[in-house]
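Beneath this line is the structure, given in structure tokens, with notes to follow.
Order as written gives the chain letters A, B, C and D; numbering starts at 1 within each chain.
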Amino acid sequence: MTLADFLVMILLAAYPIGVAAALVARGALGRGLVAGFGLAGALAGVGLGAVCLGTGIVPTVATSFLPLTEFALRVDGLSAFFLVLVGVVGAAVTVYGFGYSAAYEGRYSLRLLGAMLNVLLLSLSVQVMADNALTFLMSWEAMSLSAYAMVLTEHDRPGTVRAAHWYIAVTHAGFVALLAMFLLLSAGDLSTSFAGMRSASLTPGTRDAAFTLALLGFGTKAGIAPLHVWLPMAHPVAPSHVSALMSGVVIKMGVYGLLRVTIDLLVGGPPWWGGLVLGVGTVSALLGVLYALMEHDLKRLLAYHSVENIGIIFIGIGAGLMFQSFGLPTLATLGIVAGMYHTINHACFKGLLFLGAGSVLHAVGTRNMEEMGGLIKRMPRTAFFFLLGSCAISALPPLNGFASEWLVFQALLGGSAIPQPEVAVVMPIAVAMLALTSGLAAACFVKAFGITFLAIPRSPRAEQAHEAPRSMQAGMATLAVACVALGLAPFAVVPLLGASLAGLGGVAPAAMEFTLALSLQVPGTSGQMSPPLLALGLVLGVALVPFVLRMLGADRRLRVGDTWGCGRIGQTPRMEYTATAFAEPLRRVFAELYRPTRDLSIDFHPDSKYFVQSIEYRSEIHPWIERLLYDWPLQGLHGAASWVRRLQGGSLHLYLFYLTLAFLILLTAARWWR
Amino acid sequence: MDGVFSQLSVLGSSLVLLFGLILLWRRGITAYIGAFAWQSIVLAGVTVVVAYFGNDYELYWVAAGLLLLKGLVIPRLLRRMARRFTAERELEPYVNTATSLVVSGLLVLFGYAITRPLVALSQLPTRAGMPLAMGLVLVSLFVVISRKKALTQVVGFLMLENGLALLAVLGTYGIPLIVELGVFLDVLMGFLVMQIFIYQIHETFESIDVEQLNRLRH
Amino acid sequence: MVGYALEIAQAALALLLAPGLVGLVRWLKARLQNRRGASVWQPYWELAKLFQKEVVVSSNASWLFRVAPFVVFASTVAVTFLVPILAVPLPFDGIGDLLVVVYLLLLGTFFLSLAGLDPGSPFGGMGASREMTVAALAEPTVALAIFALALSAGSTNLGQIVARTMADPAAAVSPGHLLAFGALFVVTLAETGRLPIDNPATHLELTMIHEAMILEYSGRYLALIEWAAALKLLVFFSLLGNLFIPWGVSVVLTPATLAVAVVSLLVKLVVLAGVVAVLETRIAKLRLFRVPELLSVSFVLALLAVTSSFLLR
Amino acid sequence: MLLGPPLVGALLALGVRPYRRFVGWVNALLSLSSLGAALVLWSHLLAGRVLTSGPGEFLRADALSTLLAFCVSVVAALAAWLGPGMSRDDGYTDAEARRFRIFANLCAFAMLFAVTSNNVGFMWIAVEATTITSAMLIPLHVTKASVEASWKYILIGSVGIALAFGGTVLGYFDFVSLAGRQEAALNWTVLMASAPHLHPEVIQLAFVFILVGYGTKAGLAPMHTWLPDAHSEAPAALSAVMSGVMLAVALYAVIRWEAVVNASVGSGFTDGLYIALGVLSIAIASFSLVIQRNYKRMLAYSSIEHTGLICVGLALGPLGTFAAMLHLLNHTLAKSMMFFLAGRVLHRYGTTEIGRVSGLLKVMPWTGGLFAVGILAVIGLPPFGLFISEFALFRAGFAAGRPWLMGLVLALLAVAFVSMIGHLNRMLYGAPTPGVVVGEGNRWPLVPLAICVTALLVLGITLPPPLQALLRQIVEIVGP
């Protein structure tokens, strides 16, 4: 039994034990066991992924499961990569959850939460290892369902149940698409094994249909626009460590599935596939960040950023697919690697941010940014981690967000290699949109961090905020370290990613010999950069400048005074710049998209209208695009439903009439059937 | 010989159908019951004819059963119920008499169209009556649909069974006796249960008008 | 070894020249407006003075407020190591390409805006909000300009871009190049807070952007930020100068070529400063919500640049 | 041995008046014995022996019969254990309990007889008998609604069954005009033997009679209209029996005849009819679920949906039949359990309105939890049996080259899924309805239901070899 098999065993054993423990044990012990076994499983997953990536061996587990199929697991490079992703975030989340769920004692069912957390992790791990459709689909539904149960944890809060319903509805629609897709691919092969699908010969029409279904199914899970409606509803209401898991890992399964199907099972396709993915990605990135800007609910804001980052990932993958269809394997690999790199990066920093938001929620008790502020002094560590995450997601060097976005840019710049200019022109447009997205993301996180953590507390609750317990800090620290490491070592990560694509159709790892130099040189890219040296430079700069100043004898006195404000005395939170105000300029710029509804009510002093008693300003954004897309199907559904209801009108004669009518029709059919 | 046989059987079955149609233009429950009773008696007669010419002694038993059960017992029970609900007359059905007759005529034609292959297939002298039996089945379905009172619906249902019995007799000289007995048992049980329900309806709704049974919907 | 010396030398040179450049622009403006104006060296005195003064920090501010100036300064200085100011190819070419330059500058802006929010004064928030808006809207233009350059040069490495343009002078006057230049010039104005986007001369207006953001700063922190801003201006000028009109940049490291490089750099800076000064005297500041329109114009320019260099390839 | 216990139970309940509770206990134990008998039949089949008994193979238990007999005896046992008359506080008077015991046992007897009888005539008689006996039980509490439901049920049901009798006669007619009259002509074995020589046009007519007739009983649209009324008004135990197995028994009759027809004219004809009615049923049921205010009716409509699904499966060749039979078993387990749970909820809340049931998880944690699990199982989520059978069914469909049909069915099922889970949420969460006693109450009735859930889980993870062998034999019987 090799090490890999051993790790598989551990992985498949630890999570179920965790579930059992959650159901049996109570209190701190229960939480401890849940976290412990979850952690064990997650680490086993990381180990397994690392081993497989390192040695390139492919462990296969198969046990007889159903006469017509079998329960099969197989770990290739892609699975290994996603195993690592699941494991890293999973480990952080389980540790964090130990402290976070303590607040739930006695209020909500911890048994369910703990059990479902382990079920979710298990299903995620199994899913990326699945080697046939049945295994994949079962773990897929297990994943959706456990997440659904956890979203419902705080079911007594307003909006939770509705959000959960939206989530399960959309995700099930996606599941249906996937079921059809896999059955199309298996082309009558009853074992529905992936191997069979690879070898199946399908008509172009079928392939296109399968791809479309895959994009729909995996898109709903990944939350690409316009299938993302459930995401900003469901992620915020879930317990924060679950949100981190959902936003960090669960939606990534959409990415995994898309990669698995398009480049592995279907081995690439016509250019419009890649073009579609690219376009969808661009739209999602932009819409996501734009709606995030207008959001004042910290967790909803993060959720919208998930949409944005999934968009960026899809941009990379879409570019890769296009290159692949034009027979440019090197660039194709580059694009896909860029997408995967951003996938794991987003998993880390978005997980980190959600955990941070969880600590804030834990301390302040609200998700509304307008009631926060000044937290950097009350919870410094959380603030630091959150700042790190913000820099990473804003793609600031030398953190990981920048590394992967740089790679995506490079992939898009390669677009000039596409022989048809009219097709290639989409690339620069994507470049521009991507740049705009990252700029807006930076703006959005200046808002998010600044309003939440800086300046004066805006509410008494924010004043009494306290630092999060150690376990939660540990969880955040793990991901923070991951962010920094992934940011500083692209020259080590990217080759691994390239290797993980080995053996998949249409991409050429052979062409991906990465020079393991400090500066990242990727064949096909038109530039180099070296995050570690950059970081070194920046650190040196920040460290040296004060030193130099001191040597030059600059003044070192420092006086603490009141904030200057045009001579007014004293400062109250009401004088601070609010999140709404911060976002106002951009709201005006994009008014066409937002279509905001404003109402401004001023009541004047009874004596003179030059004295204002109170001004009330309210402005709301309604995503009209979603209305456009979702209202008419729902209305159609209800119309059909109420029409069908009328059939059951209550009249016995009517019923007998149906019966006779059916009888006569069928008789006619039978009499003249040939 | 066979000529007479087939003449008689066709005559009988057309009488059976005729009673069905009579029921359509008569009003009032007692009239219905009368029509049904006579129909059953004629049916029994047809069975006897088939039994005599097809010299099949089992069929005499069947005929006796028909006469006893559908010709005497059930009509009596029906009449008792009818007396109980004297106030309830089948005044206007959903479909007025003229239309009813037209529709049932069409139904009979349809029955002919349907049973063509059967007639073509069978060698029995009685085969010519089968379309009429099929017609009766369809007509009685129409009765069940178009009449409002619970009691009339029961009558329609019993006519339906008569039609099927006629079909069986003409087409196959009757299904095996043992099965036939079981069928009789079921008919009786079913009828009794329906009777119970009709009483219950009358208690709970103070009427046996089926139109009132429209609480349960959607 | 010589290369590393050169890197340090050009960074030092940039640091030295930056305040002078600002002074020069101001002086030219004054002249164009028939004022005598302060001397070109005035910014140096201001910096020296600020370094001598004590710092006043708001009681609401956190450690971030004190770290920000150093981050801003460091990131800008780091950029000077990457941008070809005097010579190509630089040994640090491999550390960062044009994209890295842009995002390093964004890093500075990011922290400066946070620092603006930190004291909780409404001015700071206002400035931060507007600064980030402008920065975000300028991003796509920059990216497209880079794309255009990278297309013709086949690389985003600054050194290679310069080298390629010197290799075939025709490229310099290709429509792609010219359009990209125009776009990048507008972006320069936006990023460095010049008219018509922001008024560097103002200190207390409701329309100000950069100044509002750093309103709370004083003493050495303020000095660092001002210096970084000047440095940013110089970096952008030398980018405009050396990427689009690369002649003068020394390719082989001999004292003579270096001297030529220094001279040509000075000339380019003076010319650009003149252009900016003329602009700033000619045109008035835009209303804040007209700024996006200007930026969208530059965006269209950049898009045309890319497409033309696509189709004319 | 299989048929005995229910008869004895019925006679006992008939004999003992006034009702005493030991009758219920005896009855429950007897039901177990008949379950055991079904298992014995099963084991014999696995050994390759088909049990027959009575003159002229009067009774015959092949694989299909055995599967159905098993389902019936399981549900009958559940009904016997959980039905009225086992405990004081179940809200039924002794008279009602007695009536329940009598007719429930007669009904069980009729169903068992229907599935084991070798003679189509007797099968028809038995099915008719199930209608009558179950109809007697619907107005156990006489209310306007229950009387109405029972009247609609008995009338529509009887008319349908009468048509089925017509079908039987036509089939017999065909046989007679082929081979002359003989006593055993109505036996499966005989009919099947001569099936290839039967006349297509006649046998097709016969099958229409059969399908409409027994289809009415099986709740196929558009003959389903009685079903939601009857299921929602009947006492829980009876709803469970009707929805769980009575539909299945009716389908059994159809399948029997289908075998004959297929042997005669090939499967194209029956497939067409199955798909037409099946898809119609699924569509009507799914859309009726969208706006549904009554949870018992919700369950009833879902039964219609699953019946339709089974029909579609039967039209998809051997694989489809395999899946359909598996689905039939799963549905029996799940749906009967659901109706018992619904009965508990009704007993506690006193209403069948979804809107008036809230906070179920707080009020009855175990019942609520099982209810949620059951719904998830019924809408076909893993790891429950119905997911596997549905998956197998869809795979059969795609393998049979009917992707569009499968896509349509998938979409309709998705509609049902979304609606039902929405209703479930409305019931589970929120503040408990005011005036409702909070607390689980009597727990032991949940034990057998928990067993059902376990069975569903097992079927969701694996397919036991005995069951697999049985299903394979059924596929053999039903033929192409």
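Note that a contact is a pair of C-beta atoms (placed from the backbone, for glycine too) under 8 Å apart; a residue touches a chain by one contact, two chains touch by 3 or more.
Keep in mind that what you see is a predicted model, and the values were worked out from it rather than measured.
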When contacts are scored as defined above, which chain pair ends up with more C-beta pairs, A-C or B-D? A-C
Averaging C-alpha coordinates per chain, one finds the centres of chain A and chain C separated by a number of Å equal to 35
If you average the CA atoms of chain B and of chain D, how many Å lie between those two points? 31
For chain A and chain D, what's the span in angstrom between their mean Cα positions? 44
Hey, how far is the Cα centre of chain C from the one of chain D, in Å? 79
Multi-chain contact residues (two or more partners), chain A: 645, 648, 652, 656, 663, 667, 671
Touching two or more other chains - residue numbers and ranges from chain B: 114, 117, 141, 144, 153, 210, 213-216, 218
Among the residues of chain D, pick out those that touch two or more other chains and give their numbers. 151-152, 155, 159, 201, 205, 228, 288, 291
Those chain pairs that satisfy the touch definition: A-B, A-C, A-D, B-D
Within their complex, chain A touches chain D through residues 65-68, 134, 137-138, 141-142, 145, 152, 155-156, 161, 164-165, 168-169, 172-173, 176, 179-180, 183-184, 186, 188, 190, 192, 637-638, 640-645, 647-648, 652, 654-656, 658-659, 661-663, 666-667, 669-671, 673
Of chain A, residues touching chain B in the complex: 645, 648-653, 656-657, 660, 663-664, 667, 671
Interface residues, chain C side, partner chain A - complex: 51-60, 62-64, 67, 70-71, 73-75, 77-78, 81, 92-100, 103-104, 106-107, 109-110, 113-114, 117-126, 128-130, 132-133, 135-144, 147, 150-151, 154-157, 215-216, 219-220, 223-224, 288-289, 292, 299, 302-303, 306-307, 310-311, 313
How about chain D: which of its residues touch chain A in the complex? 151-152, 155-156, 159-160, 163, 201, 204-205, 207-208, 211-212, 216, 222-223, 225-226, 228, 269, 272-273, 283-284, 287-288, 290-291, 319, 376, 381-383, 387-388, 391-392, 394-395, 397-399, 401, 403, 406-407, 410-411, 413-415, 417-418, 421-422, 425, 428-430, 461-463, 468
Provide the residue numbers of chain D that touch chain B in the complex, in ascending order. 119, 121-122, 124-125, 128-129, 131-132, 135-136, 139, 142-145, 147-152, 154-155, 158-159, 162, 165-166, 168-170, 172-174, 176-177, 181, 183, 185-186, 199, 201-202, 205, 228-229, 232-233, 288, 291-293, 297
